[in-house]
Amino acid sequence: DFMNALEEVHPAFGVSEEELQQVVQNGIIHYDPIIDVNVTKDVPFEFWLISSPGTPEDWPTVCRARTGKTALAATIAQASTFPFIKLITPDNMIGFSENQKIQSISKVFADSYKSPMSVIVIDNIERLLDWTPVGPRFSNAVLQSLMVLMAKRPPKGRRLLVIATTSLRPMLTELGLSSFDSELHVPPITRLRGLEHVIEAVELFPRSKDRARAIAMLQQAGFKDGDVGENNRLSIGVKKLLSIVEMARQEPEAVAERLTKFTRASNIMSLTNYAIA
Amino acid sequence: DFMNALEEVHPAFGVSEEELQQVVQNGIIHYDPIIDVNVTKDVPFEFWLISSPGTPEDWPTVCRARTGKTALAATIAQASTFPFIKLITPDNMIGFSENQKIQSISKVFADSYKSPMSVIVIDNIERLLDWTPVGPRFSNAVLQSLMVLMAKRPPKGRRLLVIATTSLRPMLTELGLSSFDSELHVPPITRLRGLEHVIEAVELFPRSKDRARAIAMLQQAGFKDGDVGENNRLSIGVKKLLSIVEMARQEPEAVAERLTKFTRASNIMSLTNYAIA
Amino acid sequence: DFMNALEEVHPAFGVSEEELQQVVQNGIIHYDPIIDVNVTKDVPFEFWLISSPGTPEDWPTVCRARTGKTALAATIAQASTFPFIKLITPDNMIGFSENQKIQSISKVFADSYKSPMSVIVIDNIERLLDWTPVGPRFSNAVLQSLMVLMAKRPPKGRRLLVIATTSLRPMLTELGLSSFDSELHVPPITRLRGLEHVIEAVELFPRSKDRARAIAMLQQAGFKDGDVGENNRLSIGVKKLLSIVEMARQEPEAVAERLTKFTRASNIMSLTNYAIA
Amino acid sequence: DFMNALEEVHPAFGVSEEELQQVVQNGIIHYDPIIDVNVTKDVPFEFWLISSPGTPEDWPTVCRARTGKTALAATIAQASTFPFIKLITPDNMIGFSENQKIQSISKVFADSYKSPMSVIVIDNIERLLDWTPVGPRFSNAVLQSLMVLMAKRPPKGRRLLVIATTSLRPMLTELGLSSFDSELHVPPITRLRGLEHVIEAVELFPRSKDRARAIAMLQQAGFKDGDVGENNRLSIGVKKLLSIVEMARQEPEAVAERLTKFTRASNIMSLTNYAIA
Amino acid sequence: DFMNALEEVHPAFGVSEEELQQVVQNGIIHYDPIIDVNVTKDVPFEFWLISSPGTPEDWPTVCRARTGKTALAATIAQASTFPFIKLITPDNMIGFSENQKIQSISKVFADSYKSPMSVIVIDNIERLLDWTPVGPRFSNAVLQSLMVLMAKRPPKGRRLLVIATTSLRPMLTELGLSSFDSELHVPPITRLRGLEHVIEAVELFPRSKDRARAIAMLQQAGFKDGDVGENNRLSIGVKKLLSIVEMARQEPEAVAERLTKFTRASNIMSLTNYAIA
Amino acid sequence: DFMNALEEVHPAFGVSEEELQQVVQNGIIHYDPIIDVNVTKDVPFEFWLISSPGTPEDWPTVCRARTGKTALAATIAQASTFPFIKLITPDNMIGFSENQKIQSISKVFADSYKSPMSVIVIDNIERLLDWTPVGPRFSNAVLQSLMVLMAKRPPKGRRLLVIATTSLRPMLTELGLSSFDSELHVPPITRLRGLEHVIEAVELFPRSKDRARAIAMLQQAGFKDGDVGENNRLSIGVKKLLSIVEMARQEPEAVAERLTKFTRASNIMSLTNYAIA
């Protein structure tokens, strides 16, 4: 009857290809070894976390966001080729009551039990919990349900991998939600080499001479390739970098200048927090 | 089907001309370079903030309000000439339940996804959130919905610019709502030159001799044109200045005297906070 | 269609003569220059506050209350002779839910927009907000609605003056409700001259010799006419003074003695807070 | 129409004789001058408070309770011979919702306005407000309604005296409910003379020789007649004293001994708070 | 009509024999003089408290519980032979709403007023109030109802004795629920004599020689008969002692050894709080 | 009628074999003497607790979880061979309201009273209470119901053993839920001997030579067999160890290496809390 259950799963639930595509729109650039993580089928661990690293003091908020966590989680899930892959995301739960959220979350888990091997991606766990640092306030009911569902053992013969993403790693510790088997940090890009890798991948400069010049300009602007220990290091999330690339591309003759200017401006903003664009 | 979607948009939603007109009633005076900001079509950033600058200690509350933030946001939105422009404002949500607010906010976003390029102005974000510093209290449900909607990526091929305004910049940091791509500060007018620009624009004094005399009187009253670093600087929001101009205009023979008197009185009030009119 | 709108206003809303009469029952005594404030038609300011002055430490609670704030607000409103005058008062909202309060408040504002010039008196704003210093607790929903309504710009061609009264001035600052254009303080009577003015106005002593004797007795009891800077100054609200006058009047032969005794007793009570009558 | 209104009042509302009788069951003993307070008709003050005196540190809780506050309030109300006398008491509101409480309180006030002169006794105001010092917690809605009702001016030609009782005087200050015109403290009995007066009034000892002996015993037990300034003074509420008298009366031959023993025991309990009976 | 009312009471309410029996299942052992307290009919006090003594620091939680408070309260109530005896216990109110609790509590009081003499036992008052020290949290509505009901005077000619039990004496002080007329402490057994009395009463050792040996062993294990002032004293609730007796009885040849072992183990647990059984 | 009641119990409630099986899926390995605890029928204690030992500082969260508490509780319950055995677990109550939880919990207790001897396992008591350390927040209604139900005495002739499990021992003390008769700690495995026992039981190495080599490698990696007092000791929950064993088993030729690597990695994670897998 296992096969029947499986069949029952596929049409209604199964892999939500479209949703995953939407999350990883343009393909992944492997600017950092962490991007190459691969879920081999023999990994026995049940609960992974993908987070922006560090405490809030380490990087300003602006930098911790949009580093590519969701894209990485979706990539890992797709690479698993498990028959059941589902995304639990706050994007689809706007205006839901606590109860509706819990219903739809626990439905995904219940469905996953029908497949022999499943991956559930819980994206942006702080928003799912309605978390604000002021108070703090959050939905305790959703938190408790998540805790029970993630600690629950799947029925005999079923395997379930849960991958959660968050930009607020310390929140999880505070809430007692910290028994992950494995944890991946997706930091903003801080090294010149990472910048160069992305710029190359998006083919911003057709001629490598131009690219080299741009990299030199970025280096002069303050990006380094050495250790990251310095106090005043520059950093940029991959999302913002891609936006800037797009913006720089508009004026063909001044691409390198505009790239450097925008990248730097975005760092000033994130470092001073109150900057004028 | 893009054209269909677009058509579907226009009658029901589209640009809300009337609402925008209402917000920028008398045209904008360009008394400060910031007013001339222009949304060029190639700006890739998705989330702008227009705020009164500084912490509450910098300017008394009276001054931070009514500096022209809403007017500037509306002007930028209109200048974009995007096919979809919408205003989300607490003015239309008095007595709404949390749920009704969330419904109407997320409807605007959903509608915006049907247009290839859209601008959404979220006016007076602190009132939308029912924020009070006492507690603090606010609507966490609305906050979470805004956070999710603003972080959500528009469907492929759609571009969305969100412009929010606030008089309480520090509130946004406290709530973790601070990942703006760009930030514009609209301060009260603090320099004599700004005052003069407005007075000229509203044609308060038909004869430039009279205007010069008024400016001299204002200078004597304490307004300066130099740097703004002094502790006891004078300042006035553009809204109040326009009101005072209107008031001064009433008695033709003493316009300059009345202008100076009222401007000064309004500064005393905002500095001492407990003044007698 | 303006005339039509106006007509539409009058029967249903218009000036609520009866309510205003009820508030200013016996006519106003001009014991202090502040009472003579006059709303000239050219005042452009939109939001006035009438408050008991000072912080709670300055005067004991007993003194800050009943100094004639409501009476003054109503007098100013009547003097404006605007076609639309309305009183928003907690007296009519006992047992109302938050929602009912908001409905009836925003209805008054909506109605006011139909008249070219309107005055709205918001009486006793701390009670409207259900404010208690313990907590503090208050109705955030009513507060937010008031804030939005008072910041909202009336439709083109309409003018609206809002006059609010409060005995708890510091509460407004705490709540961020402090962008008034103008502020009037109505203190308790602290000078002998004020006392004398009232006693004369109510014709307590038919013979001026008797009045002079009574004033001398009050002076001996501690009331002075000089500056108010002394630590231990005496003061009395106009309401309590009028009550005492009435009480003193009962025994014709000892009017001055009783007046002095009661006025003094009432001061002891307000200074020691725990006195035996 | 005043006479009509009056008539309308009487049958349905009027003086609630039975309730008042219930509160003052056995007549009042005038053991202290405060008991003789008399509401003369010319008292213009509108809001009286009858309280247990002092801060919680002055007397242990046991002593502050049951000193005869309700009985005194009812006696004053009856002595007024006003045509409308009503008791608002938490005894009749057990299990009421906030709304039901507010309804029934404001109904009493509305009814009182129909009579030319009215007395409303608000008994045990801390229970009406559901007050607990832990938090503190209380019904803000009831508090606000009481504040508005007590500050509201009765319609022209009506007079209303409100008499409130409380055992928690400091609570009222904390809540901002402290604008009383007059305040009576009903302390526990602390002087030998007061004890003697009560013992005489209840005719515990038929022979005055026996009474003198009992008083001597009480004096030896620690009760004094001098000043009350000593740190370790004894005290007893009138209610408990009457109970002890009743108890002592049971064994005719040892009345004085038992009276002394119980009175002393009750003091030990209230002083140590954790005593064994 | 008193007799009618009485009759009306009996069938429906009256003494709840069964409930009381359930509470005092096996008869009371008089191991301590406090157990012999007797409610003589002439006791005028209205409100008794039976509590575990001391602050939480004095005895570990384990010891304060189950010392026989409920059994003592029920015994006193039965000994009164009053025609109306009722038990208010949280055991019968699991899952009740605040309102249902208040209804059923106030019904018991209302019924009691129909009998000339009544006893109401309010068992485990901290559970009735849903009290947790974390917060603290509790049902303020139930608390207020209890306060009003216990302060209310019964109708003329009725007498009502209320006996409450608690393991959390300090909670009552904190909540302001501390105006008891009389207070009984039921401590755990701390003296060898008490242990011996119980062991004798339950006839654990048929031969007194064996009993003497067991007592000697307990003495050696640390139980003393002297004063209770020592820091590290041993103690045991009567409930646990009876359980241990039952357990020891299982193996006839080693009764004394097992009794000593278990009694000691139970003390270790309560002292260290984290012991391995 | 006892037999009838019993019969009535069996079909509907009785022992929930399936549930218990699910909890102890693969049989218990006796790696520690605590696992051999046996509920002998003469144990009179009514309330057992099975907890992860220590305060949160002693072991990182990761280690305290999944040490085998639920498996041990179920094993003890099954070993009792009582006719009524039931599991109360948050796994079955996701999305339940407070009321539904209380209903289903108290139903289990009510059912248990029908059997002469019953065991109730309350699993993961912190989740049943919706506990978060932030606040802290929890369901006071569920807590109170549990407290009353666990303190309630079963009807005459019935015996009930309650076994609760928790990973948050200090929470119970904080909530006042700490009157257990007996307490078992199930720590993570910290000694080499324990590791060896498990590895042997799961027959990871067919040849004992290989096992000895693996143990030697683990010893070198830091696991010791001596006392547990050292600051930096290694530890691993039985659950994670079994997972690692399974993972190591995948590559036959490097079993010992992989076992050591994973065990060590898992320790690094739990010690540093922020590790990269």
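Letters are used for the chains, namely A, B, C, D, E and F, taken in the order the chains are written, and counting of residues starts over at 1 for each.
Assume a residue touches a chain if its C-beta (ideal position, glycine included) is under 8 Å from a C-beta of that chain, and two chains touch if they have at least 3 such contacts.
This is a predicted model, so every value here is computed, not measured.
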Ask   = Looking at C-alpha means, what's the farthest chain from chain C?
value = F
Between chain A and its twin chain B, rotation from the CA superposition, multiple of 5 degrees = 60
Ask   = CA centre of chain E versus CA centre of chain F: separation in Å?
value = 34
Task = Would you mind pulling out the distance in Å between where the CA atoms of chain B average out and where those of chain D do?
result = 59
For chain A, residues contacting two or more additional chains = none
Key: Category of the chain touch graph - line, ring, star, complete, other   = ring
Note = Read round the cycle from chain A toward chain F, the chains appear as A, F, E, D, C, B
Inquiry  = Quick check: in the complex, which residue numbers of chain F touch chain A?
reply    = 22, 25, 61-62, 65-66, 90-91, 94-95, 124, 127, 130, 132-134, 137, 240, 243-244, 246-247, 250, 266, 269, 273-277
Message = Can you tell me which positions in chain C touch chain B when the two form their complex?
response = 42-46, 53, 99, 102-103, 106, 136, 138, 140-141, 143-145, 147-149, 151-153, 155-156, 169, 173-176, 178-185
